[in-house]
Each structure stands twice: as C-alpha cells, then as structure tokens.
Amino acid sequence: MSDTAVHSQEPQLLEVSIGPQHPSTHGVFRMNVVLDGETIVKLKPVMGYLHRNHEQLAENMSYLASMPYTDRLDYICSMTNNFAYAMAVEKLAGIDVPERAQYIRVLMAELTRLINHTLLVGFLLNDLGAFFTPTLYAFREREKILDFFEATAGSRMMCNYFRFGGVKADLPAGGMEQVKEIVKNYSRFLDEFERLLTSNEILRSRCQNVGILSKELAVNASITGPILRASGVNYDIRKVDKYSIYDRFEFKVPLGKVGDVYDRYYVRILEMRESIKILQQLLKQMPEKGEILSAKGAAAAKSPRMWKPPAGDAYGRIESPKGELGFYLVSDGSPKPYRYHVRPPSFINITILEDMCLGQKVADAIVILGSVDIVLGEVDR
Amino acid sequence: MAIDEGLNNELQKRGIFVTTLNDLYNWGRRSSIWPLQFGLACCAIEMIATACAKYDIARFGAELFRPSPRQADLMIVAGTVTKKMAPMVVRLYNQMPEPKYVISMGACAISGGPFRDGYNVLKGIDRYIPVDVHIPGCPPRPEALLDGLIKLQKKIDSQKIDQMDGYREEKSCEYPVPQYGKKGLEPRHNPDFFTPRLDWPEKNTKDNLRMPNYKPAPAPARAAGSPLPGQAATGGPSEQGVAPAQLAAQPPASEQGQ
Amino acid sequence: METSESIFVVIKKAILGFFHGFLPDWTVVIISILISVTAIVIFGPVTMMFLTWLERKVVGRIQNRYGPNRAGIFGLLQPIADGVKMLTKEDIVPRAADKVTHFLAPVIVVIPALLVFSVLPFGRGMAAVNLNVGLLFFLAVSTMSTIAIFMGSWGSRNKFSLLGGMRAVAQMVSYEIPMVMSVVPVILVTGSLSMVSIVEAQLGGKWFVLTPWGFFGAIVFFLCGVAEVNRTPFDLPEGESEIIAGFHTEYSGMKFALFYMAEFMSAFAIAGLTATLFFGGWDGPLLPSWLWFLVKSYAMIFIMIWFRGTLPRFRIDQLMGFAWKLLLPFALLNIFVAALWQMLPAPKNLIVSGIAEAVILVIVFFASRKDSPKKRTYVFAD
Amino acid sequence: MFGFGVLKGMSVTLWNFILSYVYPKKGITTVQYPEQKKEVEERFRNFPFLVYEGAPDNMRCVACDICSKECPPKCIYIIPEKDAQGRVQKKPATFDIDYAICMNCGICEEVCPFDAIFMDHEYELAEYERLSSLLYHKEDLLKPVEHFAKIRPTDYGRIEATRAAKGVKGRAQPVAGAPPKPAETQQSPPATS
Amino acid sequence: MNVEEIKNDLLKHVPGLELTVEGESFIVPKEKLLEAARFLKENEKYRMDYLSCVTGVDYLAQAARLGQPGQAAVGGQSELASGYLESVNHLYSMEKKHGPIVLKVRVPRSDPRMPSLVPLYRGAEYQEREAYDLLGIIYEGHPDLRRILMWDEFEGHPLRKDYVEEDQDIR
C-alpha cells in the first residue's frame, strides 16, 4: 500500500489516511489505516513531513553551532537534548564538567522531565476527548517552569544553555528561590491532577487493556523510556549508566504490570513524583558557589569554529523523558563533525505502533499514539 | 461612503451609533477569527501556549481551533514547512472558505529559518500561498503571536468588501498544488505573486557558507574529477568557505538594495 | 407582583384585543398563532447565541482564564460577531457531494430543534401549544435530528463524516429507549402526557426529583438527554480528536452555523424538559413563573457545560454498553419503584420505595462490576 | 461503573471555576496582553542589535566578521567600509541581519570580542511584508549603550567591569596580536546579587 | 567486559570469523554479521538483547585511504580503499545492564548490500530504512525497505558526502 495513493482494496474495507493535518497526531504524522467498520485491520505510519535535514546541517557547522539546533529536535524538552549532545561531545573530546555545573544540569533535566510528562498527560486527555481542560492545567504549570528557564537560559523553549564542559551562565539572582517555589507547589498540583484524572471511570475504561505491549516485544523492538517501564522491564539509563551525578540521588523506578495505555499514563505520574524527590535532594546538596565551565570547556567556547576535537567516534546517551536519546559523533579532527547521528527515542518507539493497534478501534489508535508520546521534530530530525 | 470621523464622534457622544455595512462585516470577521487546528513544529507548541490560560487567545474570540479547514478562516502556519508537507499545506489552504487569512509564524514559515539550507525544507510558505502577517522569531513569544493577530485584525478592518479578493468572481482562489519532483517540488514557487529575492548578495548564499557540493544556479559546470570543495579539508585548518579579505575584493552580486 | 407573573400572557391578549376590533374572528386566531411562532423563532436563536457565549465563558473560567471579553462588555457581542462572520463566509459544496442531501441536512436538523419549543411550558399558561400528548410529541420530534445528521454525513462524501454519521445513528437510537423508559414513571405518577399537567402535579414544592425514583430517574433522563444532543461525554458523532469534525466536516459558513444552532437549541430543549419533568417546571416561591423555568433550565445547561469542561469521551462500544447494560435495566426497575411509591399511602411509600431503590442500586452495581475498570498496583524497582 | 471518580474529577473543575471568581489572583492566571504586559526576564534574548556609544557613528563593531561566520543559520552580512585608498576600515559599511532567518540563539553575542552585539527584548515585530521589512539594515539595528544598560543591568555591569579591567576605551583598537578574551565566555564570576 | 575478552569469545564461538578490532568497536565481515549478532544475543554471558542504535556512515575515498578518522589506515582490502559505506550497530543488554558492544560492517560504495538485523532485532526496522533512505545502504532481508523520510519520487541519497544539491533560489 503506497504512501501517497489512498484507495480501498476490498469493497467493505474503508481506507482512511489519518493524515499529516489531524487534531491529535501531535504534529505532522500520518497513519494510513485500513478499517473494517471501526476496528483497524492494517496501520502503516508515514513520516518525514518534518524532516528538516538536521544531520546534514550539523555536518557542515561547527560543534557549538549545532547546539541551538538540538533544542529543535524534541522541542518540548530542549534542555535534555542539549544535555545529551553536550555529553556526547565531552565523551568525544574528554572534557570534564565542574561540580556546580553537574548539579545545574541535573536540575534542568529533571525540570524538563516534569514539563514533558505533564504535557503528555494533558495531550493524552485531549486525544481522549476532554475539551482542553487537563492540557490547560498542564500548560499553566509549565509556564512557571518556563519563567525559570527564561530567567536562566534566556529563552522559554529554545534554551541553548549547555556548553561542552558546563553551562553557559550561572543561575540568576533569584533563581534558587524560584526553583524552591516550583518544587514545593508541584506535588500539590500533581495531587489535583490525579484527583481530576486517575480515578475517572471514563478514562479508566478507555485506557485499560488498550494497546498492550508485552515485555519481549518491547525489548526486541528497542523500545525505551516510560513505555518500556510500563511493560515491566526495569531499564532506566539514569540507573544503568549512572551518568553525570545521578548516583548521588536515591530515587525509585516505577514499573507497570500490564503495559497498556493506563499503565503508561500512571507510570509517568509516578516518575514525576520521583523527579520531585530528586529535585528536593538536589536543592539540599547543591554547592552555593563554584565554577560553571571547566577550563577545557572555556577553551572550546572561546572560538567555536576553530575548536577541533581529537579524531575518533563516540556515542553519548541519556534518559530523556521520552526514552534513550543518543548522539553518535565521528570526528576527523576538523572543526566540523564528519558524521553526526541522533538516536531519537520517539522514532524507534513507533516501530511497533501497528502491533499495538491491530484489532483496536479508531479511537484507540489515536489514544495509543498519544500514549507513545512522539514529538515530530525528533521523529523526523 | 465613509463616515468622517468628526461627525461620527459627535453622534456617538449623543449615543447614536452609526456605522457602514462594511464596518459591521469587518468587525464581525475581525472579532471572531477561528484558526485552523494546524501545527507543524515548535511554533505550534507556542501557539497552543497562546491558547492557554496565561496568554488566552480566547479574549480575541479566536480560541475555537477548528479541526476541519471548512470552518476555519485563519491558517496559522506554525513551524517548518518541508517540501514533503508543502502540497498538503497548499491543499488545506484551498479547502478553506473564502475570506481566509494566513499568518506565517516563526522564522521557518517565513523564510525556512535556521533550516533553510536543507534539501527538504521550503524557503518560506509565501512561495505558494499569499501570507498576510509575518511574525519573526524562533519561536516567537505568545505575546508576539497576539501582536501579530492584532495587526491582522487592523488589516481586516481596513479591507473593503467589494475590493476583497474573496468576493470577486473572476479571481479563482484555487492555488496550484506543487508536485513532488526528482530533487524538489515542481514548480519551485508560484510565479504569480512570488519573486525570489536576488538582491541578497552572493556572499551569504549556500555556496561558500557550508554545503561543500552545492551547485549555484549560474555557476559553470565543475570540471569533472576536480576535488570537491569540501574534501580538501582533511589537512590544515583551512576553514570552510572563502576568507573575508578575498571576498571583500570581489564586488557583491548587486549593490545592496536600499 | 401579579403583573410580572404573567406579563407575556397579558401582552398577547392586548395585541389580540387590538386586532379583534376590526378583523374577523378567524384572522385573530391566525394572529395569535403568529405571535406564538414569532416568540419561539426569536427565543430559539437568541438562546443559542447566549448559550455559545455562556459555554465559552464558563469553560474559560474552569480553565483559569477569561473567556471572550473584547467584543463588547464581558464579550456579550461575541455571538453576534460569530453570526456576522458566518453569514459572510463562502459556502463550499464539495464536488463529490450529493448536492440535495448536502443542502437539505442543515435545514432538516433545525426543524425538530424549533418544533420542540412549541410544547415546552415556559411559564404558567405560557406553553405555546398545550397538547395533551405534549411529552410524546417532544420525544417523537427530537428523534428526527438523527436522520438529518446522517443525511449530512452521507451527503458530504467524506470518510470521516461517514464514520461520524454511523456513530450518530447508533448512539441516538440506542439512547432513545432508556430516555423513554426513564420518563414512564413521571407519566405513571401524573397520569397524563400533557406537560402542563405534569408541572401542575408538582406544584407546591412537591417536585418529582425529591422522590427516590424521581432522583435516579432524573439522572438517567439527563444522561440520555446529553447523549441525544451529542454533547460531551457522548459527543462521538463529532469527536474532534478522532474523526476530524465528525458529521459536519464538510460544512462551512451558514450551513455549519445551522448545525451549531440546532445542537445548542436542542441542548436547551433537553434542559427545559428535564426541568419540567423532574424539577417542577415553573413552580417556585418568589420569582415569576417563567423566570423559575429559565433558572432551572440554565442550571441544567451549566451541568452540561461542566461536563464538557471535564470529562473525556466514551468509546463507541462502551457507549452502547452503558446504554443497554446499565441505563435501560435501571430505568425499567425504576418504573417498579415508582409504582410502589404510587400505590402506598403517604408516609410509608417514601420508606418502601427508598429501600427498593437501594436494593436496585446494589443489584445494578454488582451486575456491572465485571466490566468496570479495576484499580492498578505498581512496583517500585531501583 | 459508578461515577464516584467522575464526580471527584468534576469537583476539581468546579473548584477552579469558583476560585476564578472568588479569588482571581490565584484562580485566573491570564495576563491581558495589549493592556498589561508581563515584563520580560532580564536574560531573555529575542533579536540582536548593535551598540554605539554617544553618536550612532561611534559604534563598537569593527566589522571583524566573527559573528557572521559563527552564526549557525548565517543571517548576518557585513561589508567593511573602505576609505579613499581602498584600505579596509575598522567599521562596517553595511551590517544586515535578516530577522526572518535569525533563530535567537545568542551565539553572536557570546563570540563577539568587542561587546558590540547584544540580544534585545523587543518582540512586537510582526510585519505585513517580508522581503524588505524583515531585513534590518545597520541604521535599524543601532541602539545606544543606555538601552542595553536599561534592559540588562547585571550583564551591563559585568561587561563594563571587564572592559574597565582591560582598559578598553570606547574606540581603542584591540591590543595587537592577542584578540581580547571575549566577554561572555570568560570565567564569569558568579552572578553578582 | 573488556574488548579482548569479547574478541576471544566471538572467535571461539563463531566459526570462520576474521575480526579486526578498532578502538572500542569490532569490524565484522558482512557474511558473518548475523551469526555474530545471534551469538551475542543468545549467549548466556552476554545476553545482548537490545540493539540501541544503527547508524549509516559514508567514508569517501580520501577518508578511506587515510584510514577511518582516528583509526589505522585501511590497507588491506583494495576495493574498500575507493570509499565505503559503514553501518554501526550499538548493542546493549537490558537483562544484565552492561555496556555497548559496537559492531561495524563495511561495504564498498559500488555494491552497498549488507545483511539486515531485523530478523534478530525488530528495533532495527526503521533505523535501517532511514540508513537506506539517506545513505543508500541496501539491507538484504529487510521486510519493507522503502524510503521513510523522503517522498518516494526523490532521487539520490542526501547524506552521502558526494551528494550534489539541486540549485535552489536563494531566499
């Protein structure tokens, strides 16, 4: 069934293209669905509508110049994209990161995880039909965190805040109070969100036993992130690789049992509570003063287009809110990377979208796509 | 038959509200613009943030994001329009009923923005559909989108019913949908109303910027077998592109248009 | 106080009296019909406009933001702006569409929405037509909108609207039966189908909702009414997030406005009917009768809008299961409790029917336990 | 399938509805844009602007073209001035930034060794026409140092401190040989309170 | 999990495999790729059940002659010296939670055919389609090798180093 032509094969099968412009495909993602009545017989995703040739551009720019481009990969969590790219280049060039910068990095990563999971729950309820109310509550909380990002990094969504070997600038004057305020109120907001949603019978009946993903298929299809943990596989790169300073915080990894849409929704709520625990411990352990850019980092940032990392290749990966986000860099000693490849979690997590949707209704396919949490900037790069 | 301001104010003081039919139509269209639920990339998230509690586009009567193009009258092109997506955008524009407006939000929709040097990115949506308001920024703040909406409302206020394209019979509002070609879209832009800017000097074109093997339009065919510009760089740090001094000597393609 | 009570009735009599002087009798009858008809034709669209404004303001306030407040004070001119804009929109008929059905659908969907107003008792003596089978007329006419919605979805030759149309037919047919079943106790108790007599049976504060069978009957009726009108959580026919805009995907301009108007007018009609059947129509202590009717209907409307601001949407098979497996049996059992309540003398009937109602609730609760969703537990690994 | 969960959910929305009337400060978070404008954070970066001290002619930019090369989307175009004998001057004749392409990343501000280009807070720049009105020329970009001091006091304080420490007077030529360490990326002392 | 130990295990269990080690990664000939990967996946000690990342890389003639950046010059296979396409596979273990084993497969640009890993790992399906779409590496045994990011009528593989861009008008 080719992508462009949409025609029906057997008489009673209805071939519908839930096309690039659709209220709940989270961007320009298309699914060619063959329906028998309301149940799905075949589902082929079509991508590439937002392929912005990120890798070709990065191979023709200096290393630092493609840092602002990583903000636009997964445009909901720009800080974690920067984090992954900075770690990959630091592994390639062997740059160390000072103490306070590590704490600032983990602070930003966990705040971004809160934003991503809250927005996901909001958009999932949007797909279920709740008329924007959970989404607006999610955006109301997101605005508070964005104010803090704007105060430190300079832009609400496109932070461009990480540098190789640290961060661009220290927290602003009132920064710490702002973070304390956010962390204090966030668990109260989560309780309100859970009261609104978790015990809602309609949400439960719409999400339970829908789009079940078995453990073996999840591991075989290289699924990562909350979806994998909702199926019961205990694999969280913060615990496996213990990158940056995540080994200094003790937090749990919530696992689901059944692996359906409801588990994916609730595992993300529990992960948000774990992130709040990490943030509370971080606020206590964070050193007051300290340098935020190591000596080698400052040398790299002095004139980016002249800075040449040693030749070789490196693969850096982190636990982004959507799964394992990795950067594979090959450097031939010139200021431009020879090969720059992004391993996006959303792109690989939709490999088994068809397996989850077969036999379900059209409405379920939309909800399953919502629970897989894809962002098209990252899928199509 | 415009009403002169003085008379109008005088009458309003006495509580008599006089308006032309044209103003009533414009007021109606201005204060209830229903945007199409159509987001492409990062600017779409900022568009949703504008529709949310803190910036509240509902105050302007524009919060009903209509999923179907038939009921929408404003298309906010928010995000990068790639060549694979351009035909869909033009087809959506054709499906919208006539008094329709387009806001191209963000650098990508205006000019391809940071991604414009790619093989799959359209250098701005106004190559295929007429755009009313351009909002620069990457992504523009929600207030900038509201400011753009206010400017669009001013533009609607100044419109005259009989001169508007939508209501004239002879002007067909069907814009040709580009086809997928071997390397890009055919036609590359809609010649009726878009002429690519050529006054931007040659220096900043893709040739000497980054793409090692970009073949500039008028350049003579490269001698076969000669090393590709990008490939000479494995040796010393000969920085990609032409050193400024060498360029300063060569006169720019055309005097920087004032 | 008396004059404000029946102000509209007095106005109508004055007009008739004025014409009575120099016109023959039969013209006066026609004029009185015309007056009632113009009253309804003005009242219908005006409530629709007010409801669109009310919905956007209330949903805005639920979401911590102001609703439209720039088109006139508090945004009151917003519906007028929407109307003017819809009038000036181009009217697109898709090339592949079936022209006749595409054109007729919006017209046919508005007719039942307006017809239904003729039977509603707006106040003491203010029911346009005091049919003795008013309730039957209301339920029969309101099913006509199903045909119109299916015509609209079939006529516009669009896959998504076809899906929407199929869903609309399935949903409305299967919610018609529990709706009628939940009305039967009211008829059983009042003994007549006429709306005015139903309200008179509840005068003096003896509203049916205060009786055990009435309270649960009102819930079932209201839920079926919301499903009849395709509003959240039953808005599958125009489920935006799944099938673009459901049956009115291909409608633009004034035709879409007619669909929009029909939806809101029938929403007000259902709210009015719930107020009439269970909340005692125009019965109320201080305020004039017609004001009481409006207050109660707008309370019901507020609940509908509150639903829209909170609840997600059912899936098509759960929708059917909810109607057939939960609402219908409950409505049937409710008739028995009403019969019990009706037979026994005053003090005992409340206790007996209360117990019967509790027993029914327990039975239905355990019957539907099997497919109701379970609580989930989660493991915390490190 | 009894609606207790649904009722709990509806109580949350009702509480928000009442809160928005009873206690608007917490219930309503809307900033009514054209009338009330939320003042922008100090480090917010929208579009770059050029800085001059005193007269617009006395601008800090010396047309060294570093920012044009470093700019990721390549939206800066500089032609240095030439005097009578054709020798290149330390001043740009034309300095264009195409606001339709700029991605607000702030890298030009970081790498400029002469503190000549900074990111502005101005965001109401919507235009009706694109090709000419969004291409900002030197005249449209030039803004006085006082403007920079007004919108970003702490950064201005820090940069003035480093400039004074290096003894850089307004138009002083950079010390021959070692270009002065760029202000932004040097070891910035922790933000002064 | 040091490189030597893995090399010996691989040579021992997979018959007829000549393996060269480059830094942290193993260069596996394309005929033996499936066997090596199956061994790493099923062997009790490794249990490499998670294929994290498949990347296509294009090494032009000069780069190939001078040796892959940072590694020894590619002397031996002459036909590889005229430039080759490489597919880099990062394997992890979710069960035993241990680090990456990197398998690299090189094919000359003239005949870019290579066995696909989809029969072993479903996760490679889209990444191999993307490598085919952007770099032109043909994976044999892939169930549905079509273009994934570009439209079907597109010609050429854009991420190749010698891909000539079509001339676009400037603004």
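Chains here go by letter, A, B, C, D and E, matching the order in which they are written, and residues are numbered from 1 within each.
Please note the rule applied: a residue touches a chain if its C-beta (ideal position, glycine included) is under 8 Å from a C-beta of that chain, and two chains touch if they have at least 3 such contacts.
Not measured: the values here are computed from a predicted model.
Contacts with subunit B and subunit C are shared by A, D.
Each step here moves to a touching chain, and the least such steps from subunit C to subunit D number 1. The greatest centre-to-centre gap from subunit A, using C-alpha centroids, is found for C. Nearest to the global CA centroid, when each chain is reduced to the mean of its CA atoms, is chain A.
When each chain is reduced to the average of its Cα atoms, C sits farthest from subunit E. Look at where the CA atoms of subunit A average out and do the same for subunit B: the two points lie 29 Å apart. Centre-to-centre spacing of subunit A and subunit C amounts to 44 Å, using the average Cα coordinate of each chain.
In whole angstrom, the spacing between the mean C-alpha positions of subunit C and subunit E is 64. Residues of subunit B in contact with two or more other chains: 37, 52-54, 56, 59, 67, 84, 111, 114, 117, 119-120, 124, 138, 141, 197, 200, 210-211, 230, 234, 239. Residue positions 63, 149-152, 158, 171 of subunit E each touch two or more of the other chains. Annotation for subunit A: residues touching 2 or more other chains are 22-23, 48, 51, 53, 56, 61, 68-69, 132-133, 136, 140, 143, 158, 196, 200-202, 204-205, 305, 332-333, 380. Looking at the complex, you find that subunit B touches subunit E at residues 83-84, 111, 119-120, 123-124, 180-184, 188-189, 196-198, 200, 205-206, 211, 213-217, 228, 230-231, 234. On subunit D, the positions that touch subunit C within their shared complex are 1-2, 6, 9-10, 12-14, 16-17, 19-21, 27-30, 32. By the touch criterion given at the top, residues 24-25, 27-32, 37, 52-54, 56, 58-61, 63-64, 66-68, 70-71, 73, 95, 97-99, 161, 166 of subunit B touch subunit C in their complex. The residues of subunit A lying in touch with subunit B in their complex are 19-23, 27-28, 48-54, 56-57, 60-61, 68-69, 72, 75-76, 132, 135-136, 139-140, 142-143, 156-158, 305-306, 308, 332-336, 376-377, 380. The part of subunit C that touches subunit A in the complex is made up of residues 59, 62-65, 159-160, 162-163, 232-233, 235, 239-244, 308-318, 371-374, 376-382.
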